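Take a look at the structures below.
In the two assemblies presented below, subunit A is common to both, partnered first by subunit B and then by subunit C.
Here is the complex of A and B:
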């Protein structure tokens, strides 16, 4: 194991959980993936937890599996909410982390350094109310229902896609020229100003 | 057809020209409604059951499901509608030719249902005008069929000659809204169990 990386190792319900220092996450993950005898070649999921106890740090949780050894491992990184919420992206090790990390970014606002395309995935690009799974986020959102409806109706449904996604779907050639130009420029839907009474 | 007067002979039937036209037009419309399915959740499963052989809404003139809005008469929103889909259903509705009707199928499409949260439209009537609300979670096929028959009844009560009963296009206002903001806030208010969700609200 990488020296200084392991904070704590516990077994809960017979399943091993390791807490890893944030600075050493990437090399630890590389070690877990590539060391013979570890062989955690499959990243099952990436998610995050915020606890109701405000003192408790946020956790980013990685579920690893070794298909060869049929073994599971949970790796956790603790993030102090008073500091910058950022960890290194493991996209370089498992490309499947792409959308998983985008979801954590979308819901918790945790930045993944080195992610190739870190933008919202569930909420739309111009969503302005914050990060919905954070504990300080009101259940019904921050804006009034009327404002939410207004912003939703003014959103551009075309703007959810990147050119890369459309080229994978082989749809980019079928687009109208103006839409293709807009997406090429990276233009997303524009949030209109709230109505002035 | 509304009978205005009747002569005691089977060879005569008196009515107004307008009633005759309305009767012909409305019967044709009601008995050949092409649905545009907008299925987002479990209600769509019941919708498919309604379309399949056991319940078979083709019996009521819905033989052809129009998967293009430009050939559809009735938009059936089956399932919850997130805000991300709000501009999509509005665009589909705008693309449908007049006359057009909307059925809101199930609790979520009608009111937001149990999803009284940041992501969900609290009733599609804040986005598009709705003609028939079918309650249920999800409604059984009989429920949807009853809703469709109610829509038939409603269509047969319309008139081309009466401005009150005629269907007009209902575009969005200059703020991009269908209803006044106060109205949307009012009909989106929590009700039932969701009034108890105070912990993080």
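Here is the complex of A and C:
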């Protein structure tokens, strides 16, 4: 029996699914990776699912594989949208989770606690329209095309760099004066205001 | 399982090139040796270099921000998303068959196998068994895609590392496959080959003969490429020992495809989780030993040979019969029947207006794409449009290991390492 498992199911493609309690996710994953006979040494994918039914919880889905045993397992954590959307990061077990978790964060707004560098990945860092793959996000985005263009044209050059990267350049004092001024004031590009709904 | 290890390390150099040591590595002259310090304290300073997004060596709109200590990469921070099109979001608003054109545009260097990956996932979700002829034709399409994708990789990578000739040879072969794709689907790139439960069309007359000609002449080009690159001093010097990943690291970083196998992990979805009857074909899983750029090159080159073998076998066994399943709820009736037969017209109407409904549930199908394991994960709530369509993008996941691989290498090696990942930004950004 897998520790922390709430219930089990079988997907339509015949793969086993295990639902795990959010608090015990990390413990379960560690057990699955390190227990002989389980040996799930390969993380295939991490993603999330939000259903059209608003009552249903969001699911964070982990696809695990044992390369040795050629077995697959799907681990799911259910998150209630009314509560905080956060789970523990599995980056410590599989480094491949780095960008996958960043993408889930970017697209669904789910926080991965303990992730070393949880930033947006496909959208830019100052993106202010929300989380694109959530069901309450309209297909064409929240802002009008004109507003998106206006923001893009008004962005300062430093908006294209992360704070970490700017700190490298700042040490060498190579940045233009106005850019350094803005950084000193704690501004970071133009952080846009969302238009009134 | 038949496994073929490719990784000769005793390179017999064909050219006595100065600047290459006995192991075939380029001898690096430390540039700073006799340099008088120009400015005090310059040594401790790190430089920030921005490469891309518009740069030919980044293979698309990838942007790399690199922290340099002299010429050595201290840190490499990739920025993605310049080609983000929101395919997964769009998929939630489309019928299953309407998603197929979107899959063309993800990994646009191997559109046919993307089409197949999606169709297999949708068929698994709906519980559809495809016909024998369709299965073999899909295998042919998958292996054709692998060849063109590897040819583009070979051509562009050799250009990145300063060899122009193999690029022309590789693109010539790719052109032949593109002609075949055009014959079959009418399009070179946006093939949209599959439909849920079948194919867009059967292969046209003359296709089999033309493909057979290709399988006969293609190994010659591979031999030529092998001759100019494999034992080439410059090529070996720029690729051996560069961007090395051990088997454990490659597994831990979730790499797949040639990237994983070059590190010595013999995992191939075609062998280990067979789809489309791949278990009945005779081919080897190509693995490397050292996990560096050179081994990735050898693995991809040998994979082209194996694909060619599979193509020959598939052409030999190609059965006759229908290409679509016999299920009017899934496959559109022919135009003639829709216009003359009442029942066919109703099915036609319902399919076009309502789409094909999938039962409640979820399905994941991973296929061995040229770049790695392409996964399609579909979740359905019983309607004709998926609740969630997730693409497991192989080159996105492979690219995530780039910062790790590039650390400590020279800036020029970063270009070689980035090329060896074989990214296609349409898929990385989706």
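Heads up, the rule we're going with is that the second predicted complex is superposed on the first by the 143 of 197 C-alpha atoms of A that agree within 3 Å, B and C clash if a C-alpha of one lies under 4 Å from a C-alpha of the other, contacts with A are read in each partner's own complex, and residues count from 1 in each chain.
One rule holds for everything that comes next: contacts are C-beta pairs under 8 Å (C-beta built on N, C-alpha and C of every residue); 3 or more make two chains touch, one makes a residue touch a chain.
Please read all numbers here as calculations on a predicted model, not as lab measurements.
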Is A:133 contacted by the first partner subunit B, the second partner subunit C, both or neither?
second
With the two complexes superposed on chain A, say which partner A:155 touches: subunit B (first), subunit C (second), both, or neither.
first
Give one of first, second, both or neither to describe whether A:145 is in contact with subunit B, with subunit C, with both, or with none.
first
Kindly classify A:185 by the partners it touches after superposition: subunit B alone (first), subunit C alone (second), both, or neither?
neither
Looking at A:165, would you say it contacts subunit B, subunit C, both, or neither? Reply first, second, both or neither.
second
Greater residue coverage of subunit A in the superposed arrangement, subunit B or subunit C:
C
Should A:54 be classified as contacting the first partner (subunit B), the second (subunit C), both, or neither?
neither
Do subunit B and subunit C land on any of the same subunit A residues, and which?
123-124, 132, 137, 139, 160
Provide the residue numbers of subunit C that touch subunit A in the complex, in ascending order.
45-48, 65, 67, 75, 77, 79-81, 84, 86, 88-90, 93, 124-125, 127, 251-255, 265, 267, 272-273, 359, 361-366, 373, 375, 377, 379, 381, 387-388, 390, 392, 396-397, 399-400, 404, 429-430
Can you name the residues of subunit A that touch subunit C in the complex?
11-13, 15, 41-45, 47, 49-53, 61, 63, 67, 70, 72, 74, 94-100, 103, 107, 121-124, 132-133, 137, 139, 160-162, 164-165, 168-169, 171-172, 174
Under the definition above, what is the set of subunit A residues touching subunit B in their complex?
123-124, 129, 132, 135, 137-141, 144-157, 160, 192, 195
Applying the document's contact rule, which stretches of subunit B touch subunit A when the two form their complex?
83-84, 86-88, 90-91, 116-119, 121-122, 126-127, 172, 175-177, 181-182, 184-185, 188, 190, 197, 199-201
